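All remarks here apply to the structure that follows.
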Amino acid sequence: MDIALIGGLAMAFLSIIVSTVMDGNSFGPLIGPSSFVLVFFGALGSAMSSLDKEDLGRIVPSILKSIKGASFDNSATVTMMAQLADVARREGVLALESRLGEIEDEFLKKGTQLILDGVDSERVEETLMIHMEAVGTRHKKMISFHEAVGGYMPTFGMIGTVIGLINMLGNLADPSQLGAGMAVALLTTLYGVIFANMMFLPFASKLKLISDAEQASMQVVLDGILSIQAGMSPQMLVERLESYLPPSEHVGYSDRMAAAA
Amino acid sequence: MDIALIGGLAMAFLSIIVSTVMDGNSFGPLIGPSSFVLVFFGALGSAMSSLDKEDLGRIVPSILKSIKGASFDNSATVTMMAQLADVARREGVLALESRLGEIEDEFLKKGTQLILDGVDSERVEETLMIHMEAVGTRHKKMISFHEAVGGYMPTFGMIGTVIGLINMLGNLADPSQLGAGMAVALLTTLYGVIFANMMFLPFASKLKLISDAEQASMQVVLDGILSIQAGMSPQMLVERLESYLPPSEHVGYSDRMAAAA
Amino acid sequence: MDIALIGGLAMAFLSIIVSTVMDGNSFGPLIGPSSFVLVFFGALGSAMSSLDKEDLGRIVPSILKSIKGASFDNSATVTMMAQLADVARREGVLALESRLGEIEDEFLKKGTQLILDGVDSERVEETLMIHMEAVGTRHKKMISFHEAVGGYMPTFGMIGTVIGLINMLGNLADPSQLGAGMAVALLTTLYGVIFANMMFLPFASKLKLISDAEQASMQVVLDGILSIQAGMSPQMLVERLESYLPPSEHVGYSDRMAAAA
Amino acid sequence: MDIALIGGLAMAFLSIIVSTVMDGNSFGPLIGPSSFVLVFFGALGSAMSSLDKEDLGRIVPSILKSIKGASFDNSATVTMMAQLADVARREGVLALESRLGEIEDEFLKKGTQLILDGVDSERVEETLMIHMEAVGTRHKKMISFHEAVGGYMPTFGMIGTVIGLINMLGNLADPSQLGAGMAVALLTTLYGVIFANMMFLPFASKLKLISDAEQASMQVVLDGILSIQAGMSPQMLVERLESYLPPSEHVGYSDRMAAAA
Amino acid sequence: MDIALIGGLAMAFLSIIVSTVMDGNSFGPLIGPSSFVLVFFGALGSAMSSLDKEDLGRIVPSILKSIKGASFDNSATVTMMAQLADVARREGVLALESRLGEIEDEFLKKGTQLILDGVDSERVEETLMIHMEAVGTRHKKMISFHEAVGGYMPTFGMIGTVIGLINMLGNLADPSQLGAGMAVALLTTLYGVIFANMMFLPFASKLKLISDAEQASMQVVLDGILSIQAGMSPQMLVERLESYLPPSEHVGYSDRMAAAA
């Protein structure tokens, strides 16, 4: 579970509840299943219409992914790259084959395989970058989807409010119903703004954060693979790759190897 | 028929109908031919004014295209490229001529023809990229048109509402008509928002999706053509081109050739 | 006359008139010279303040240009380039001098002159690109001006409405005037939105379309000039330049020369 | 004085006055010192908070600069560059030293000095581009400041209106004051929109125009300096640099030298 | 303390207080703890949900940093680089080791160390740029966070207002409470706009300013390090690096060395 997402949204929902209680307002008038139906399925439908058929099945997993979160341990990656550089330096590039089994990260495995296949440096870079871009493009599609839902929701909220107003204005004969009608009409606007700003826009931001972190992590791997192939020394490799890490994680080659041993 | 577009928009329309019924609102006051005329032809007219004369005839086909959808089987393209690379490797580049008849994709055909003409690599890339950009530019024009219609519609909705309000405010003598006048005035706002968000903006998004997919598909072909011309082995070519595909479609050279046989 | 602009805007104006008649609204309350003065001269003044003194005189011509339209026959340009390439191939580059008189397009003339002057390829490209960019920059200024007018107009519409509301609210003693005062106040909002969306924003879009088409047309000329200078064969040149054209205009070298003969 | 700015804004202010008179509205209710204080100092304060301490002193000069305007005579610059090229061609690059005293433009002086110092071409380009970017960055800061003021002003106008509404709504006991209270409340909204759209946004646009023109002018100098250093002939230099000018100023080398003599 | 931020925001708050007093409005109705809770914790929660867990602890420090400000003395950096260049010129690059202890700036230290390690020029540039980008990316995350808070605040203000309106409209039986209810409802809108425009958006702008200044400062160091490694003379280095400074700080090599001595 992504603590920042869960905690942040919980805090936001609590702030609505607490402030409503403090103002002495009641929650009864804030409950409206019809507003939920209009805002939720309307916005989802309009946003889904722009997806590929194949991507429809990725909506729920992407929501779960944003709730579950993801983290990329770039410092561990640097240590792993240092070990590979060490092997390559001491025993030659082909000795990396023995380590292939230990590598869990798919992207690092692919890069190591390309070195083993004797592919030249420029092609390794191209192939890995095509992979990175393809991954990024697939993620961007889902991020755009959540942003689209978050963008359509206030619009469908307004559609519901205008429909309610038009009906209310046609029945002005009974003015006692005026307030109640307008209250119901406003409910869809409220739902549209709340669901957009407390669900789908945060989902989109979180997915973008995860995607950016994944790209950054792949960039470390790509840089390391090319450096290993170019025969860079493990010490130099660590100094270079640690530039990607925050200053607190600049521990140096010896400490990394000691910690990994 | 593009199931995502049809299904998504159907869900959105249904959500409006269901929620209106749930609220006990009636549909009678929501019907207004004059609002339809203003929003639809007003926005269409303003958006059409920015088109080239030649592109006016492409409006209806582009709507049909977004409804019909389009898909690009990049995996099949990779297999096809592998077969061409196989022929080129075994029998020489000129042997590709015998396969020219089997190629249906215009872009791949053009690329293969350029190889056969003995055009050098840089010029092949330039010529194919000019073609890709020209196709993309033509599509962007239509996408912009649908976005423009979707942008003008709420504006024309507001124009209708303001005209209605001005007329209503001038006739305040009969207050019993006030509500009805305002209800009619609001109808154009409703139509503007609905038609924009449930037709033209989704059309634009879908056309953009199709155009992006087509460009990505052409990119696979371009990359493959240049690799074949450079004499890359079919095995290596498949490894490279599969980077463009989602991981589930990374089946490798042997499986592709077996499946194609 | 640009048929798309004239026809589109006529359709949009008609849709307003037809829908107003259908609703039984009258046009009398929609006429207000003071609203016209405020919206038109206010927005024009604010937008003009950001122009160069020299560009003030280009406002009216730019409006006329957007109404008149402009078209660029890139297919004819390709044929012309093919003829020049033919001459250069058969009689040498210097023989182009005899054709200089027939060339009407200023940009093509300049490029041909540079070849004749024996300027090297890189400098020809630089000089022509400086020219293209300078033309584009001059056009962008006018496009921005029309967009600025279209952006200021709804704002000045709102200024007029707020001024009207403030005056009306200060005279609440006579409630019978309330509606009429508010109707007049709303008129500037209506004018601001109408003039922006049915004049200046479409003007800006049309000018942008013309400018983009001119840049694309210059790109064809630039590419052709460099290819001729590089000694490309007319057949190859046509194949290359036709990539810029829509598929329906890919007629090939022989047909072009036959048609031109 | 920049005639376009002064004339444009005068026209915009006049249009407000004329239309207010035409509607028979009075100016008395439009005067409110408190609204001025809130909108002007509120927006200025919020925008100033994002400036560097050193830049606070540049606010007033930048306003004066936008009012005074600035023009760059690129045609004169081309003539000057042609003369320098002439000297360099005939008497050698070091003879430029004798002309250094006549050069007023700081940027041209710096470039000429770099040539005299015998700095190599690539470094001259780098050094001059660093200078251009540094100038552009300093200008962008002030442009952003004026845009920020123009962006904050309507917001502070709304803050004042909401404060007024809240106070008015708490005193509904005396309905006769309702209209007057709301009129005063609306005044800050009016001031916010007027000051933003008729002062700070036009100031920002004008400063941007001046900055763009200065960059373009520096680009001509940079291009000319590099061409002179590369030993380009004065005739060729004029042909090249005139590409930056509008067609009406393409007068050629001989006419320039004749006019300058 | 950053005087521009503190002074600017103080001026903005004062302008609200002064104008409220001038209008004879009272502050009592402007105080609402429930509105504070909703706007502050709601917006904070929604924005926090998009942060990495690790970055939650950086929120308060980033606010303090924007209040405290930061300045980068690029002129002193140029002098320091001139001294290092002087040492490298006279005693050789390895003599820089003796100066390493005096260097406080981490980035300059890292660059000098890379020179001492004999790393080649291209790798020095790459390593330092990776470091610059990583620093910039970390800062951008916090800037985006403050912008997100500033963006969510008016939205949560509107949520509170709509909740208040819905409750008020459901209790129209007692019209004497109507005004008071609406006044309370509007308070969250006011708080949302004020806290966004007078706290979090200015915080974001100030952090962006600091981050841009830091990047510019690192750019001077990077340029200087590469020039020293390339053996540029101290005089030439000063001339080059002073291009980054405003004209008033172009004092030249001799004055810098004299002042530093």
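Every chain is named by a letter (A, B, C, D and E) in the order it is written, and numbering of its residues begins at 1.
Heads up, the rule we're going with is that contacts are C-beta pairs under 8 Å (C-beta built on N, C-alpha and C of every residue); 3 or more make two chains touch, one makes a residue touch a chain.
Everything numeric here is computed off the predicted structure, so don't read it as measured data.
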{"item": "Chains in simultaneous contact with chain A and chain B", "value": "none"}
{"item": "Chain D and chain A - chains in contact with each", "value": "E"}
{"item": "Fraction-based call for chain C against chain B, same above half, different below", "value": "different"}
{"item": "Between chain D and chain C, distance of the C-alpha-averaged centres to the nearest whole Å", "value": "25"}
{"item": "Separation of chain A from chain C, taking each centre as the mean of its C-alpha atoms, in whole Å", "value": "41"}
{"item": "Shared interface positions of chain A, touching two or more other chains", "value": "none"}
{"item": "Touch list for chain D against partner chain C, complex", "value": "2-16, 18-20, 22-23, 25-26, 29-30, 69, 71, 176, 178-180, 182-183, 186-187, 189-190, 193-194, 197-198, 201-202, 205-206, 208-209, 213, 216, 223, 236, 239-240, 243-247"}
{"item": "Residue ranges of chain A touching chain B (in the complex, touch as defined)", "value": "33-35, 37-38, 40-53, 55-56, 106, 117, 119, 123, 126-128, 130-131, 134, 137-138, 148, 152, 155-156, 158-160, 162-167, 169-172, 184, 188"}
